[in-house]
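What follows is a single structure, written as structure tokens, with notes after it.
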Amino acid sequence: MTTKIIVFEKPKLKDPIFIEGLPGVGNVGRVAAGYLVEELKAKKFAELISSHFMPIAVIPRGSQVEMIKAEFFYWKAKNKNQNDLIIMIGDSQSADPEGHYEIVEEVLRFLKQLGVKEIFALGGLNIGIPTERPKVVGAVNDVSLEKKYQKYNIVFDTSQRVGSIVGAAGLFVALAKYYDIPATCLLGETSGMPFLPDPKSAEAVLKVLSDILNLKIDTTKLEKRIKEMKEFMRRVEAMQSQLLRSHLPPTEKKEELSYIG
Amino acid sequence: MTTKIIVFEKPKLKDPIFIEGLPGVGNVGRVAAGYLVEELKAKKFAELISSHFMPIAVIPRGSQVEMIKAEFFYWKAKNKNQNDLIIMIGDSQSADPEGHYEIVEEVLRFLKQLGVKEIFALGGLNIGIPTERPKVVGAVNDVSLEKKYQKYNIVFDTSQRVGSIVGAAGLFVALAKYYDIPATCLLGETSGMPFLPDPKSAEAVLKVLSDILNLKIDTTKLEKRIKEMKEFMRRVEAMQSQLLRSHLPPTEKKEELSYIG
Amino acid sequence: MTTKIIVFEKPKLKDPIFIEGLPGVGNVGRVAAGYLVEELKAKKFAELISSHFMPIAVIPRGSQVEMIKAEFFYWKAKNKNQNDLIIMIGDSQSADPEGHYEIVEEVLRFLKQLGVKEIFALGGLNIGIPTERPKVVGAVNDVSLEKKYQKYNIVFDTSQRVGSIVGAAGLFVALAKYYDIPATCLLGETSGMPFLPDPKSAEAVLKVLSDILNLKIDTTKLEKRIKEMKEFMRRVEAMQSQLLRSHLPPTEKKEELSYIG
Amino acid sequence: MTTKIIVFEKPKLKDPIFIEGLPGVGNVGRVAAGYLVEELKAKKFAELISSHFMPIAVIPRGSQVEMIKAEFFYWKAKNKNQNDLIIMIGDSQSADPEGHYEIVEEVLRFLKQLGVKEIFALGGLNIGIPTERPKVVGAVNDVSLEKKYQKYNIVFDTSQRVGSIVGAAGLFVALAKYYDIPATCLLGETSGMPFLPDPKSAEAVLKVLSDILNLKIDTTKLEKRIKEMKEFMRRVEAMQSQLLRSHLPPTEKKEELSYIG
């Protein structure tokens, strides 16, 4: 079956910007994008399922079974200085190496159809130690983006801090170049503790992103929301953590600043 | 070669209901569905072979070699309150993660052609300890099914007892939603002892299922039949057990109620 | 690239019989079929390469690099009681489970085009202990074949001795049924010592096969030939042995009579 | 997504010769081909990306993210006794066994379109001990090539020294035969120390190659260049080393002269 996107509604969007938040280190990207969906009351319009996810059905509540999936939401700009948004959040990344490429490319084709003009891929950057004031590290697929976003609170000495980005977030940005879509990866520093979503890191990423997109996001409920989603997050973390163990290059572990996006 | 369904006969069926029983924990689903085929004298009409099964030919008796396969049987309703049935039993689940998706989707396409109106996927639920009176736990792909079947002896607080369902049974139910087929997973509690088919759990599942379908199934021969099938079941268990070891997410093992459907 | 058959010559053959000898336990099938090619001076007419073989180029002699491949030879009948033959020998079986299905099916399609009327798949049967007089155990894809060949020196209580056949030999016989080609697996008993081709077992298989096909094969040179091919056989064994380790179901090892065809 | 070649420019080349240098033991091929690109100031005209590479985006410098990829460069002959060249260097080999076949075949199809007349695949040959004067060992896809290049400083008793060549370099040479392209593998002896590119071995290979191609390559800067590329090489080595661990046939390790091309 490979990878399928099932579209429930075809929204009319003007020059939309795409935001990606799949599970990863500290679940930074997933938490930040999921909170954005809730705060903006973004509307779900499509789902992605893939044989590259684990062959598992999940039962998030009651007796209802669900596929492991990613979900697409849209939000229409309220003010002139804002853009229409498409936000993707997901239960899991690919369970096998090749699947990352397939899923990311399938989404990029979908985004091209939807007229997406720019991409932000959100993730966490494992710095190994707890930090009170996590920085946001940026990686771009075109050098002009670094200039465009230099006034925001983003650290761009990325190569020295991050050798490589494993998984979807990095591939989204790197592969988007071949689709002529400017893309930026925003990585929140996190201690990389397993099974612990990092709200501080997600907040840091959200602040930079909402600055760029002229959104007013009240992040005070973030920690509360994560607690509410505790059981669900635990399962997502468990799945993600298992995927990492089977994927993560052993040699990468030797690097001081290893990273899963 | 991927997955192929070879059809020997095209039965004319009216609004058939599909019952799935592949090997799994305690072989509950396989035993229950296989017993149903025998008791109803259901007629074989198709086979499924797949390169996602292990590359092994089996010799169940004499000198005759057989592919690892799943088999489809049909049964025509005898009374007005019954439905025509299609029953699938199999030697094995997919040997690789992606294959589960492919096999389940190939079967769902086949069922759609056959006009299937509802699906029951049978399986076992590992509760870790022996139980004299195994309960039947239900999972559904639409909340209305829980109401429809609440008068039967099914436990529906599934999310708390079962975080996720690994393998074909869960995928059948979750994926059937995208094919607009209502589907229910019936999981018999079992101690999950390896190499031991659990007749008590299979009986519990059969009782619920025959109640729903208005079938009169004499389950007294169930234990005897399992003994007769001893050598065959041992091989199926050996294959299944091996698949589980290679597939089962390590983190799932930490959960108190892990499950393979 | 998956699997490709490259045809150098299109031989005109009348009702040819196909003989398969890929590496396996004791290399019985590979040795027997290879000796047949040499003794009959059969002519090579096609090669099979596949991305399911290991990604290795071999240098059998001098400086010349070769793909890992299987080779097809034909031989035209000299007498009226003989049949035209197609013989396949190979360096390796598939390196991954799915590949066995693909390679075997690709070959069966090719054989159907060539008008093949019957198949003999040769292999070894690991009985765990050395034997002076190895028997030949038969497995068939149609019960009529057991009757047809009962006068030859073949043991047909196969199910009790062999639970399942791993790899190409078993799949050839089982899958050929779906192509309407009668097929018989001839398995020579062998002690299954690794890295040691078993000439006695290969001889036993060759004797049964040449009886059936009315061929006069002088098997006295068999042991000598194996010694000449020593270095090549050692490499084939090394590759095969490695494949087995990664493929062999752990549970099968517990069976007293495990088998790789 | 499998494997894609993205072409930026269609150079007009006359009977070009193709030189391949992917990472491998001692990174001999990658270093030699990369140095050739720099010294000749060859021009990049195409990139290859593949889902068979690891699902990792790399950040070689600044904040700019790149796909793991191979790059194609061309160089036009300056003198009559030279040939137009196409040089391929890459970050990685395939991360899974099947991918080697696919990537190599995709490139061979591309080379056929570009009219390539001959292939040189560069690599290292692990001899297990340090050597001051590494020899260059040759392997060919047609015996006539051994005669053609016997006057150069190449050792051709390859079969005794190298049983098999794992990975792209060997497959390029062996598979090129089916595309009617003469191909030679040039393997520099190296001690096979992990994480250490071997400049002496790369120099030996470069000397033989530039002799054959009538190029004047100043190899004195080779060691200096490797030091400049230190961080990048370390990452390439880390990725390659990890791939080797997961791919290398365990049995091959027993051979005295094992090799990764």
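When the chains are written out, they are named A, B, C and D in that same order, and each has its own residue count from 1.
Here is the rule we use: contacts are C-beta pairs under 8 Å (C-beta built on N, C-alpha and C of every residue); 3 or more make two chains touch, one makes a residue touch a chain.
Quantities reported herein were computed from a predicted structural model and do not represent experimental measurements.
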Touching subunit A and also subunit D, the following chains: none
Remotest chain, subunit C as reference, centres from CA atoms: A
Equivalent interface positions on subunit B and subunit C, same or different at half: different
Turn needed to bring subunit A onto subunit B - CA fit, degrees, nearest 5: 90
Separation of subunit B from subunit C, taking each centre as the mean of its C-alpha atoms, in whole Å: 36
Approximate Å spacing (C-alpha centroids) for the pair subunit B, subunit D: 51
Residues of subunit C whose C-beta touches two or more other chains: none
Interfacial residue positions of subunit A with respect to subunit B in the complex: 1, 6, 49-52, 54-67, 95-96, 235, 238-239, 241-242, 245
Contacting residues of subunit D [partner subunit C, same complex]: 94, 97-102, 105, 138-143, 146, 156-159, 162-168, 170-171, 173-175, 177-178, 185, 247, 249-252, 254, 261
